[in-house]
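Quick heads-up: structures coming right below.
In the two complexes that follow, subunit A is the common piece, with subunit B as its partner first and subunit C second.
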Partner chain A sequence: MSQQTDRAEQVKRLQRREGWRRRLPLVPALVFTIVVTQVPFILSLWYSLTEWKIVPPEPRNFIGFSNYVDLLDNRFFREAVWTSIWMTVSAVLLSLLLGTLLAILLDRKFFGQGFVRTLLITPFLIMPVVAGLVWKTQVFNSSFGVLNWLLDSLGFERIEFVTRWPLWSIVSVLVWQWTPFMMLIVLAGLQGQDQSVLEAARVDGASSRAMFFQITLPQLRPYLELGILLGSIYLIQVFDYVDVITGGGPDSTNVPYFVFQRSIGGGWQFGQASAYSIVVVIASIVIATFGLRVLSNLLEGEKP
Partner chain B sequence: MAEVRYENASRIYPGTDIPAVESLDLDIPDGELLVLVGPSGSGKSTALRMLAGLEFVDKGSVYIDNEDVTLTPPQDRDIAMVFQNYALYPNMTVQANMGFALKQQGVPKAERAERVREAARILDLEPYLDRKPKNLSGGQRQRVAMGRAIVRRPQVFLMDEPLSNLDAKLRVQTRTELADLQARLGVTTVYVTHDQVEAMTMGHRVAVLKDGILQQVDRPRTLYSHPVNLFVAGFIGSPAMNLVEVLSEGTNGLRLGSLSLPLDEQTAHDLAARDPGAITVGVRPEHLRLGSEGIAGQVTVVEELGSESYVHITVEHQGGPLLLVVRAEGETMTQRGDNVQVSCRGPVHVFAPNGERIGA
Partner chain C sequence: MRAGGTGTEVGKKRAVSFFLGLLSWAVALVFFFPIFWMVLNGFKEEIDANTDPKLVFDPTFDRFNEVTSQTQGLLGFREAFMNSVWAVSISTILVLVLAVPAAYALAIRPVAKWRDVLFFFISTKFLPVVAAILPLWIIARELDLLNTRLVLIILYTAMNLPLAVWMLRSFFSEVPKELIEAAQIDGAKLRGQITSVILPIVAPGLAATALLCVIFAWNEFFLAVQLNPVDGSTIPIWVTSNVSTRGNFLAKLSAASTLATLPVVLAGWLAQKRMIRGLSMGAIK
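On to the complex of A and B.
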């Protein structure tokens, strides 16, 4: 009988070495990421616990959680939170709805499909600032805007859209830009469907309506969730559109813009502004955690 | 319960000139299990999908229960189909999967549940009714797909390679269960497979297709003993028939080297009427014998299956090596490298150069 050697120790050492061989190439990127994101974040955390004004320059005082406590009492902050919620929820849901409808259309074969798809994706490729400017000056504007030209030629009175509906003006630009994103996600879901399942449903006597609501839509669920979560993470931090289209003001100042106003935008209250931004970060982390869970479910679901 | 009929039915896919199925004429009586068999690309699945309504019929017609359904959409044909990958609805439980078709028909919930339970009992699926397909094994999924079909009590069952995703042992077991179930329910069934063993063991009749053209429809035994052409002869039977090209000498019969091939009267007569020339003869492995007479050769491989063994023998024929497969006893003493002699006890199948069978 040959002696049975216990290899556990050796195996463990080999695994450890293999693990480092894989991690090592990632280290530079990791260090860079920590330096440019985590260090400022920790500094912000610290600032949020201080009272710190630059103009006029005052020494930085540690005041504990007072900034956070004051948040709740601040009417402007509460309004900014509501604006953020409204803006994010309505833009995400509307773009998801429109994106789904477009995806269903694009899922069928028709002449010029590729061309139409490219056209539909284009809004997503435009820089946010440019999109905001184009809409503000060429669509909403009361003198030069297309919408007002249309109203005018139909005999209606001109409307200063941005002044009258600041929130919805921004939301419509957001929807215009984000519909293609949602469309692509849903389209991926539609095209990933097992064709034979649809055929089975047809043989089983399902009408087109029943097929969509009982077979397709439930299968799209993870994709819709993914769209909602990714969209929310991006749209909760919208800043450029607000700055370009309304420049803040009632009904259109969301939390990121409020943070800006309170700090480098003229308020110079870095302590308070840091506290606001921490709140946004926490909200984003909560949403992102859900988002990643959905994403991993989706990837697991694709394994046969 | 219904009769199914294909009348001159063709399917030509857009962008091609060659029909995937060409002028298919097939009559399937009520209650029969007909197997469509052929190699890949033979059009067997297309033919089935034409019956399901999932493929257009470009020429000809398809009838179910004497009703022309050529242009009827699948949902109105009263057929149930089992797909190769089962195509279960992933978001629904087993129960909902099986009850889906009934729900579409507007069958009341109580009756639906009762019929699903009944089918689940037949298929041993009762413990799994509340599971989702992804939590089932391959065999269970296959049975759910079957259950989805039988719950409907349709006029016709269509099965598109329903066993090909199962492992070998389960496949053999399910094969017999399926044939038994079909016989008990008595529902006309069209069954597609590429596996000729499945076709032979399950089919009441078997239709052999090649390149979209129907070659032969017959009972399995007839298909085996009287293949109408070279393709069917080579396709049906495992291991395959030995097919050898020889020179016909007219009235003098046929010889394979030193081996004289026994011919029945009709074949000998038909052969004598033809001009001498190259023809193909076919002999099944069980009709060849190892012994002390016949053509000499050397054993290259012995496949031992326990109950029998197949001996591969290389003989010299027309100046080149020729491989013959001979069936021998399970306990054969033959080994690789042995020099043996092969004789033939018939029957011998004879095919003309165009592949058609000569003689009876």
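On to the complex of A and C.
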């Protein structure tokens, strides 16, 4: 009897030790990630409950939720929220649409296919700051920009795109850079399709249109969702483009840029700015809750 | 359309196919045009760049010499380049050192709740950097880390680590379990298993992951401009320093932009296929 319990004890201890041996390689990465990403975030939450001006230095006062109440009244903040929403939603959807169309075009054999794909993915590799500057100074610019030269040659009037449509100028550059990314994801989906199903449908005489809407599109769904998720998560944080294309202003200051302007960019109101930044977090959590489900669907059925 | 239709049908199909191929080429050229234009302008005199678009001109390397030898404002090319190289390479090495064991513990001999752990890593990517920047700035100031390479090395490691864990896990999980078991039966020690079985299989994935970390760190601007606006600035900040409010700068800016983007574009071209998987975060095979 006692021998048996001893044995059970021993097995348990061995199992526990094995568990820790398995966990050990995970510890450094986990600790590093928690310290560098979670601690600042918790501090941000704390700052957002205070009134704290850094330059000139003033003492920090705990003021509860006043910053959050104030931000509801702040017209500039509301505008920044709308700009963020417009920028993210339009850039994600437009690049997804264009990317899907391009993926369908590329998912066929034609002369120079590999070269065309290489050309198409290049915008995604360009440094965001460079993308913004090149578009601003060499495409949109009213005197030397290629687009304006084109307008001029066609007999239209030149347009100072960036001042006239700041938001859409930024969105154009975002779409230019993110279309290749969406294209790659959708292309992976198209090429991962179950060919036997398509073949069977073809034999049964299904039209290519019916095949696309009834077979291909449903199969593409997780890929489209992944594209939307990753695109939104990155694009809601856009800063570089705003900084180099317009440097802020009505219709182009999104929430991240607004946080910057109110703090390190010259406002130095760290308490207030933290409250603004927490709003971005809440928005991201909303996206992520939806997003994690998408990822978990993708992981399903994959057992180690 | 049924296979093996009439002659005209085949002809029509061919015409459509030809047209679609042509369309793909046209779209690709339009997409690539701004990049082509930027590179071209880098080889011009300012006077040729600041006018109606010119395709024919006397190409010159002068702008490249200017931007690399003269210092615009506070930041020289050499310093910025070295700062970038340090921040990018050390952070990428750190990422791999931390991510490889983690991926092993998530894929090869998985811990009990490996899905939750994986989700935790990836969920940190959902936390916007902007929500962390103010405390990071305060902490960096307290520790005298503002305007140092070290602060960027630490933050770029944190920025790329979740992605690397995610990608490497998917590459590691492709190692056939039977191979590892066979090696175990043959009496191979852990180190032997890793070097002779696992490493050869995951090596390409490892390279793709490292490459992606390099690309993201090389292009990073937000953290650099907030924390290292003066010393320790990297290439993206150097590019923006070539925009001047006085005089013409288009050709110079183009040359600077070309230099700044070249390494990443070349690396991306070489590793296209693997990167596709990497960018979809390993979720797509």
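We adopt the following convention: the second predicted complex is superposed on the first by the 284 of 304 C-alpha atoms of A that agree within 3 Å, B and C clash if a C-alpha of one lies under 4 Å from a C-alpha of the other, contacts with A are read in each partner's own complex, and residues count from 1 in each chain.
Assume a residue touches a chain if its C-beta (ideal position, glycine included) is under 8 Å from a C-beta of that chain, and two chains touch if they have at least 3 such contacts.
Remember, it's a predicted structure, so these values are computed and weren't measured experimentally.
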Checklist entry - Does subunit B (first) or subunit C (second) touch A:102, or do both, or does neither? => result second
Item to check | Contacts of A:207 with subunit B and subunit C, given as first, second, both or neither | outcome: both
Checklist entry - With the two structures laid over each other on chain A, which partner does A:87 touch: subunit B (first), subunit C (second), both, or neither? => result neither
Next on the checklist: In this superposition, which partner touches a larger number of subunit A residues, subunit B or subunit C?
Outcome noted: C
Next on the checklist: With both complexes superposed on chain A, which partner does A:219 reach: first (subunit B), second (subunit C), both or neither?
Outcome noted: first
Checklist entry - If you stack the two complexes on chain A, which partner ends up touching A:133: first (subunit B), second (subunit C), both, or neither? => result second
Checklist entry - Taking the superposition as given, does A:194 touch the first partner, subunit B, the second, subunit C, both, or neither? => result first
Checklist entry - Given the touch rule stated above, what does A:291 touch, subunit B (first), subunit C (second), both, or neither? => result second
Item to check | First (subunit B), second (subunit C), both or neither touched by A:176 | outcome: second
Item to check | Contacts of A:242 with subunit B and subunit C, given as first, second, both or neither | outcome: neither
Checklist entry - Same subunit A residues contacting subunit B and subunit C, which ones? => result 202, 205, 207
Checklist entry - For the complex, which residues does subunit A have touching subunit C? => result 19, 22-26, 28-30, 32-33, 36-41, 43-44, 47, 102, 105-106, 108, 110-113, 116-131, 133-135, 137-139, 143-144, 146, 149, 176, 179-181, 184-185, 187-189, 192, 202, 205, 207-208, 223, 226, 230, 233, 236-237, 239-240, 243-244, 255-256, 259-260, 263-264, 270, 273-274, 277-278, 280-281, 284-285, 287-288, 291-292, 295-296, 298-299, 302, 304
Checklist outcome for this item: subunit B partner, complex, touching residues on subunit A are 194, 196-197, 199-207, 210, 214-215, 218-219, 221
Checklist outcome for this item: In the complex, the residues of subunit C that touch subunit A are 1-3, 17, 20-21, 23-25, 27-29, 31-35, 37-38, 41, 49-53, 98-99, 101-102, 104-107, 109-112, 114-115, 117-139, 154-155, 157-158, 161-162, 165, 173, 215, 218-219, 221-222, 225-226, 235-236, 239-240, 243, 250, 253-254, 257, 260-261, 264-265, 268-269, 272, 276-277, 279-281, 283-285
Item to check | Complex interface listing, subunit B residues touching subunit A | outcome: 52-54, 73-77, 79-81, 83-85, 87-92, 100-101, 104-105, 148, 152, 158
